[in-house]
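Next up: some structures, all given as structure tokens.
Look at the two complexes coming up: chain A is in both, with chain B in one and chain C in the other.
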Partner chain A sequence: MTDRLDDFTKNQWVVIDDEDGLVRRAPFETSLFSLPIGVETGADGPRVHRLDTGEALPVLRRYGYVWSAVDVAPRPLFDIPEFDEGGRRFVPCGPVGVKTSALRVIENFLDIAHFPFVHPGVLGTEDETEVIPYRAEIRRDVDEVWAVDCGFFQPKAMAASSAGVHVDYRYRVAQPCSAVLYKSSPGRAGAFDLIGILARPLDETVSEVHAWMLMWDDTSSDESLLQFQQEIFLQDRIILENQIPHLLPLSAGMEIPTRADATSIAYRRWLKDHGVTWGTCDGVPEVAS
Partner chain B sequence: MTTTDSEPSAWYVVGGWTHVRPGAACRVVLQGVEIALWRTQAGALHAWGNRCPHRGVRLSLGIVKGDRLACRYHGWHYDEGGRCRFMPAHPNLDPPATLAVAHYATQEQDEAIWVALGGAPAAPPLRLGTDRPAFCRSIHLSLGAEAAADMLARLTGAAPVAPGLMQVWPEIAGSDRAVTLAVQPIDETTTALHVFLDGGPDAAARLAAVRWTVDVRWRIGSETGVEA
Partner chain C sequence: MILYDHVLSADCYKLRLMFDLLGTAYERRPVDMHPGRAHQRPGFRTLSPFGRLPVLQDGSRTLWDAQAGLVYIAESCDASASWTARSAEEHANIQTWLQVAGGPLRTVTAARARNLFGDVGDMSSEDGLLEAITILDDRIVEQELRGSSWLVSDRPTIADVAVFPDIALHEDAGISLDGFSGLRRWLGAFRKLPGFAPMPGIASM
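Up next, the complex of A and B:
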């Protein structure tokens, strides 16, 4: 299956685990783009190698996570300036295994219209389902997908929320399998909390998903933050594993988007422009069980 | 395995009528094709392609709202003809007529749910008995349809009476009664068997036929070494 790996995907850093999680699990075996890999901790930090050839793979430690890549010289990892600003609290959450393409996971993360139906009473309500027009664009200068001016009514936007609020959202896709969401903070007027999602493709249709929060919140316990995030993700997982095909369709006509899907449309176009084949499909949907 | 255009469309039993209750949706697979079976609150039955045209989520996960099926992901409503009537993200937008779900012919007869994949066949489904056949039980076998039919013939003496249907006369509650086995080819290695008892309503006989079916499954499991 690794022969389906395109250059753009191959050149990316991919999450292995959060720093603490890796130490707890190591040594362990897992996979990266269908390649079996081994992960250990050494005196000089985490180490990743291919189990088939024994070849050492590059390792990067950034944003509380350990990253690796199948390419020896991956593109530089994207910049998240808020990580270095201080003041916000970092909470990693995961991993959760999901039986679908990592790209489907990212696309679902970028979706606003599902909130009232998949996360009722938390991120949305059936009383307010309309998606107000927003702007989605491929930013050629940074080679990222952005969606701005997104707003939605949320009954319980974050773990610390006590009442429903209109929340402002901004989305950013920095890599095919990584996205960041900036949403107005319930704990600090005018400020933004960050929620990120990092997916590691074990295979084209099996992913390990990590979510992280970087937020202005001094009151919620780690446990309640984790629980909040996990509940949301489990609701998404039911949808994701029942999405057919598991590979993300890049050809027009296989799935019918509306204006509310502007981010997804831009994301799919960006992947297509970069010749991404891993985790995508181009033909008729699979119909087999 | 899917039906081709050259193959004439045929009815298959995909379950007993209680398999999907009014206001419910469920997933069945026939010859490798996924189907969302659902009933309106009033009980009308529909068999649709199991994919929302929007983002591909299985419609068998959907929620029945009166006479419409709503997709679980974004709440798109489909009417009984499969046409999208409401997109909650755009409440004031009229969905285009082309936005519709594929649907399959379906019939209810003799307490069975019948589906045909390639358009409605010219003839109605076959009868499952002569005297008010009653649905007893469905079982799943880890065998292709042909192998399942061979196994049933050998273990129970069931004989084919029509494509996809076999009949056997076991002793049920003290007398020999006709039992019809409807074979549903799920995929190349899985088959469902739906069992119908002829001879009119009789709770004790129905229960005995259910026991007979469970015993058949156990015997097939012992033969194949597969815990079905």
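Up next, the complex of A and C:
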């Protein structure tokens, strides 16, 4: 399966676990792009190596997570300046296994139109299903996909929300398997909370997904923040696991997009522009036909 | 009553469901079961000696077993006394399925934990998983032949509530119910009960 790994995907840092979670689990064996890997903690910090060859893989510690890569010299990790600003709370939500392509997980995260149907009473309501037109763009300077001017009425936008509000959204795909959502904060007028999703492809159609929150919230307990986000992600998970094919189609015609899918269209085009094949239907004839 | 709870726990869902079906208000105290495994810390074990969720507190009473919690909620809050036993035979039959929920059905709970949380979860064996599902499906079909849609007697009881979460979350556990039409009909009937509230992972029928 690893021969399906394209250069762009191979060059990326990929999440292993959050710092505390790694310490709790280590030593453990898992996978990265179908390669079996071992993860342990040492005096000098976390270590990752391939179980088949014994080769040590690079390790990076950033944004509360431990990252590794199958390439010896991965591209620099994307920048999230809000992590260095202080004031917000960082809450990593732990790993959740999902039997689908990591790219499907990211695409679902970018989708606004599903809120009223998959997260009723929380992120949407069946009385207000309209997706207000927004802009999706591929930003060539940073080589990322962005969606801006997104807005949606949400009954309970965040754990700290006490009433329904109109929420402003910005989405950002920083890597094929990493996306960040900037969402107007119920706890601080004019400020944004960040919610991120990091997916590690264990295999082309099996992923371990790590969600995190970086938010202005002085009142909610860690437990209630965690369970708020976990409940939302588990609502998505059952949809994701039932979405066929599990590999993401990049060619036109397999799935019919609507105007509300502009971010998905930009994401798929960006992946295609970079020659991404891992986790896609490209070159898998039985899926594409 | 106070429920020490995790939103993704099927065992906690049993008790939330019982409260919802009875229309009884309760207080939820979230516990960081995942990823923090707070339920296994020494402090929490003073409430729950095996380090398990849910834990139910009512005044000075503490109950740390899901099935025991169901019995307690139904016995204290069900004015109609319809969810608990009305005869010696019902007592015995309800007890049988509560034991199944706390015993053989743990294989389903374990399979779900493995799929959801990877090696973080309960690593007990999946041997007997299909056997447990088959026995339950057979029971429902037998009951249907007697004119009932429920595990025990002619009405839903705490036995149905004890079994429902693990079966309803079958997709999370990687189990297909395609061959188990009795269980599929039973899930459908359960979901129509007044007060029923789903949890994430329960597929719409």
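Definition applied: the second predicted complex is superposed on the first by the 281 of 289 C-alpha atoms of A that agree within 3 Å, B and C clash if a C-alpha of one lies under 4 Å from a C-alpha of the other, contacts with A are read in each partner's own complex, and residues count from 1 in each chain.
Here, contacts are C-beta pairs under 8 Å (C-beta built on N, C-alpha and C of every residue); 3 or more make two chains touch, one makes a residue touch a chain.
Small disclaimer: the values here were computed from a predicted structure and weren't measured.
K.L.:
Looking at the overlay on chain A, is there a clash between chain B and chain C, or do the two fit?
P.N.:
fit
K.L.:
Does the superposition put A:30 against chain B (first), chain C (second), both, or neither?
P.N.:
A:30 contacts chain C only, not chain B.
K.L.:
Just chain B (first), just chain C (second), both, or neither: which does A:255 touch?
P.N.:
first
K.L.:
Which partner does A:138 reach: the first (chain B), the second (chain C), both, or neither?
P.N.:
Touch status of A:138: no partner.
K.L.:
Once the shared chain is lined up, is A:227 touching chain B (first), chain C (second), both, or neither of them?
P.N.:
second
K.L.:
For A:21, is the partner it touches chain B (first), chain C (second), both, or none of the two (neither)?
P.N.:
second
K.L.:
Pick one for A:242: touches chain B only (first), chain C only (second), both, or neither.
P.N.:
both
K.L.:
Return, as a multiple of 10 degrees, the angle whose vertex is the Cα centre of chain A and whose sides reach the Cα centres of chain B and chain C.
P.N.:
For this superposed arrangement the angle is about 50 degrees.
K.L.:
In the overlaid three-chain picture, which partner chain does A:114 touch, first (chain B) or second (chain C), both, or neither?
P.N.:
It touches chain B, and chain C stays clear.
K.L.:
For the superposed arrangement, tell me the lowest C-alpha distance between chain B and chain C in Å.
P.N.:
5 Å.
K.L.:
Per the definitions at the top, what is the overlap between the chain A residues touching chain B and those touching chain C?
P.N.:
The overlap between the chain B and chain C interfaces on chain A comprises residues 238, 242.
K.L.:
Where on chain B does chain A make contact in their complex?
P.N.:
Result: residues 2, 29, 32-34, 50-51, 53-58, 61, 72-75, 87-91, 93, 99, 186-187, 190 of chain B touch chain A.
K.L.:
Can you list the chain C residues touching chain A in their complex?
P.N.:
Residues in contact with chain A: 6-8, 29-32, 34-38, 114-120, 171-172, 174, 200-203.
K.L.:
Residue numbers of chain A touching chain B in their complex, please.
P.N.:
112-114, 116-118, 126, 129-131, 238-239, 242-245, 249, 255-261, 285, 287-289
K.L.:
Using the touch definition from the top, list the residues of chain A that touch chain C in their complex.
P.N.:
Residues 18, 20-21, 24-25, 28, 30, 92-97, 99, 208, 221-224, 226-227, 230-232, 234-235, 237-238, 241-242 of chain A touch chain C in their complex.
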